[in-house]
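Here subunit A shows up in two complexes: once beside subunit B, once beside subunit C.
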Partner chain A sequence: MRETRLWSWHLLVIPIIIVLLGAHFAVMHYAPVFYGVSVEEARNFETMIERGKSVAQLVLYVLLLAAALYHGLYGLRGIIRELPMSPALGKIVDTSIIGLGLFIFAFGTYVTWWTFSFKIGG
Partner chain B sequence: MNSNKPTAYNNRLGIKGWVYAGKYTFERYLYLGHRLTGMGLIAYMLLHIIETANRMRGVEAWEGLMGLFASWPFKIIEYLLFAAAVFHALNGVRLLMTELGFFLGKPKEPVYPYSSSIKRHRPLTYIIMALAGLIIILGGSSLFFP
Partner chain C sequence: MSDKTTTPREITFRVRRFDPNVDAAPHWSEYRLNVYDGMTVLEALHEIKAQQEPTLSWRSSCRMGVCGSCGMFINELPMLACQTQVLHLGTDVVSIAPLPNYDNVKDLVPDLAPLIEKHAAVKPYIIYLDQIEIDEPTGEFLQTPDQREEFSQFTHCIKCGLCLAACPTVATDPLFLGPQALAQAYRYTADNRDCGLKDRIEAIDIFHGPYQCHLAGACSQACPKGVDPAFGIQLLKRALVLDSIGFGKKKSSVAKVSPLADVVKQIEEFAPPPRTVGK
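Moving on to the complex of A and B:
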């Protein structure tokens, strides 16, 4: 049951990734097409801070962070666990991947929060 | 199954079995592509979170990094990443449709010559891959011809 649930989440977060990563590419990669600004402009410090100061961006970045990390790391775990290995080593792989995921999630959330609470000019 | 002879079934072929273990179909190579792009994307993402944290070191650090990313080698890497994401996403949608049983037709008697669900999906597979190819080509335009 537990494994089925974990796998279901791997698939259930996909719609979130499609929408948010699609939007992320539109902003970062397709800026000239969708926003009429150069890629450089879309990525400069001020624009980045301005973007990050909206509540919507804060929520969406954390959501993308969580969804893509879960999907990607669950996939990676599957790839590694498929190879022949002892149950003990399997446990170590699982624990390391969970640890890595939680660390990166906490760090990314902190960075997004830092941007959100950045004081312009101060 | 318990023999120690390496086969694709007991996965003793390990990573080698991803590429070849007898005659592989088109979908089997898509699986390889899906796996490689998935690993590339997660590797990129982990680095990306650390790299974009550079903003906390101030304007100069950030602009320096973005300047680096505006150089040609990084533009090409970015394009490859974009292509990998598009392929993985569209092939992933195909996998979802297969796994959730969409467009497979009604169940019918298994009469020779058998038609597998993979075969019944194949026209759709070609359409999805053509679409991925198109998006990948169009995606290059804004990067290489600003």
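Moving on to the complex of A and C:
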């Protein structure tokens, strides 16, 4: 793929991250306002599971995971690929980072889905 | 030319020497020289070679900042030796080394092959839609002053390679195309006679292309011709992004061939006003 598209996405996800991370902070730090529980209670397992059952939560965290992973791993690739290396090694780095990104995304999505579908008490 | 009417000042020149046939590693040699007001580093090197060290090697030609041959690392900054006056440096000891970020051929001679190879890789020439018209022109391409202004400063590049020597990204990533080649890629892409961005994309839209620029701006500071290659890289990014989303240069905006008769007619239309004095 053209580097321009990869770089453009790297920049385009920044506002997405800002909005979604803002929503995440709002959920965590304004729990008394949104959920009627204290900030400490918002971190409890039961509260988290209850919160995770919302479709909006599911979408928010999967999108945030995708955007933050892409932004972070593109930056990491830039740092690593700047080291002196052969084109072949560069391709290995690219492939490894794509693999790492897909693995973390799959794992994060699984955890989010698990929380969404968790049945309290059995 | 040196002004020998003023009192000379003794300056010590620390020159980095290296002869691959003799030396295992570069070393520094010192030469003392009486320097007159106006004497350039290049003139000083000629004096040292004539009077003290005949084996000293460097590359130079025009002596007037046009050919770009005499780029050196003078007092830790990339400069043209012919444009740098010794007394303007303001130091009693002047260090002269070959340009960094290049292999060293001998003494002050850098191997500029990477500069030339990167320059050639971006296809630094006008690529027109109709190759037959390029091979056998039937007229001329018209270009307005505004169209010319879009890339004008980048035509001043003399390929001296100082920008690559100054670039911190080239220092860590030798495959980075560098400010010279990328600014030239923009220079031709922005030309209204050119429609060759598609042909250049393979060479420039890569990891080691414009997005590796760290925006240090050292290239623009080093350029002896006042070109701003760092700005050229940003303009190239814009052109690439617009092209990638389908808003690149349209074929309709590429210059059309104007038969010579029409060109003459247009030149007459832009003729200067009639003389009002000295008739």
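Assorted remarks:
The rule is simple: the second predicted complex is superposed on the first by the 110 of 122 C-alpha atoms of A that agree within 3 Å, B and C clash if a C-alpha of one lies under 4 Å from a C-alpha of the other, contacts with A are read in each partner's own complex, and residues count from 1 in each chain.
Quick note on the criterion: contacts are C-beta pairs under 8 Å (C-beta built on N, C-alpha and C of every residue); 3 or more make two chains touch, one makes a residue touch a chain.
Being a predicted model, the structure only gives us computed values, none of them experimental.
By the touch criterion defined above, A:Thr115 lies against subunit B but remains apart from subunit C after alignment on the C-alpha atoms of chain A.
By the touch criterion stated above, A:Ile79 is placed in contact with subunit B alone, subunit C being left untouched. Contacts of A:His29 after superposition on the shared chain: subunit B is touched, whereas subunit C is not. Contact with subunit B, but none with subunit C, is seen for A:Asn44 once the two complexes are overlaid on the shared chain. Which of subunit B and subunit C touches more residues of subunit A is settled by the count: it is B. Judged by the touch definition given at the top, the superposed model places A:Thr4 against subunit C, while subunit B stays out of reach.
When both complexes are aligned on chain A by C-alpha atoms, subunit A residues 82-84 touch subunit B in the first and subunit C in the second.
By the touch criterion given at the top, residues 11, 14, 17-18, 21, 25, 29-33, 38-40, 43-45, 48-49, 65, 68-69, 72-73, 75-76, 79, 82-84, 100, 104, 107-108, 111, 114-115 of subunit A touch subunit B in their complex. Taken together, the subunit C residues at the contact with subunit A in this complex read 169, 172-174, 201, 205-207, 209, 211-212, 237, 240-241, 243-245. Within the complex, the subunit A residues that touch subunit C are 2-5, 7-8, 78, 81-84, 90. Those residues of subunit B lying in contact with subunit A across their complex are 11-12, 14-15, 35, 38-39, 41-42, 45-46, 49-50, 52-53, 55-56, 59, 62-63, 66, 69-70, 78, 82, 85, 89, 92, 96, 99, 139, 142-143, 146.
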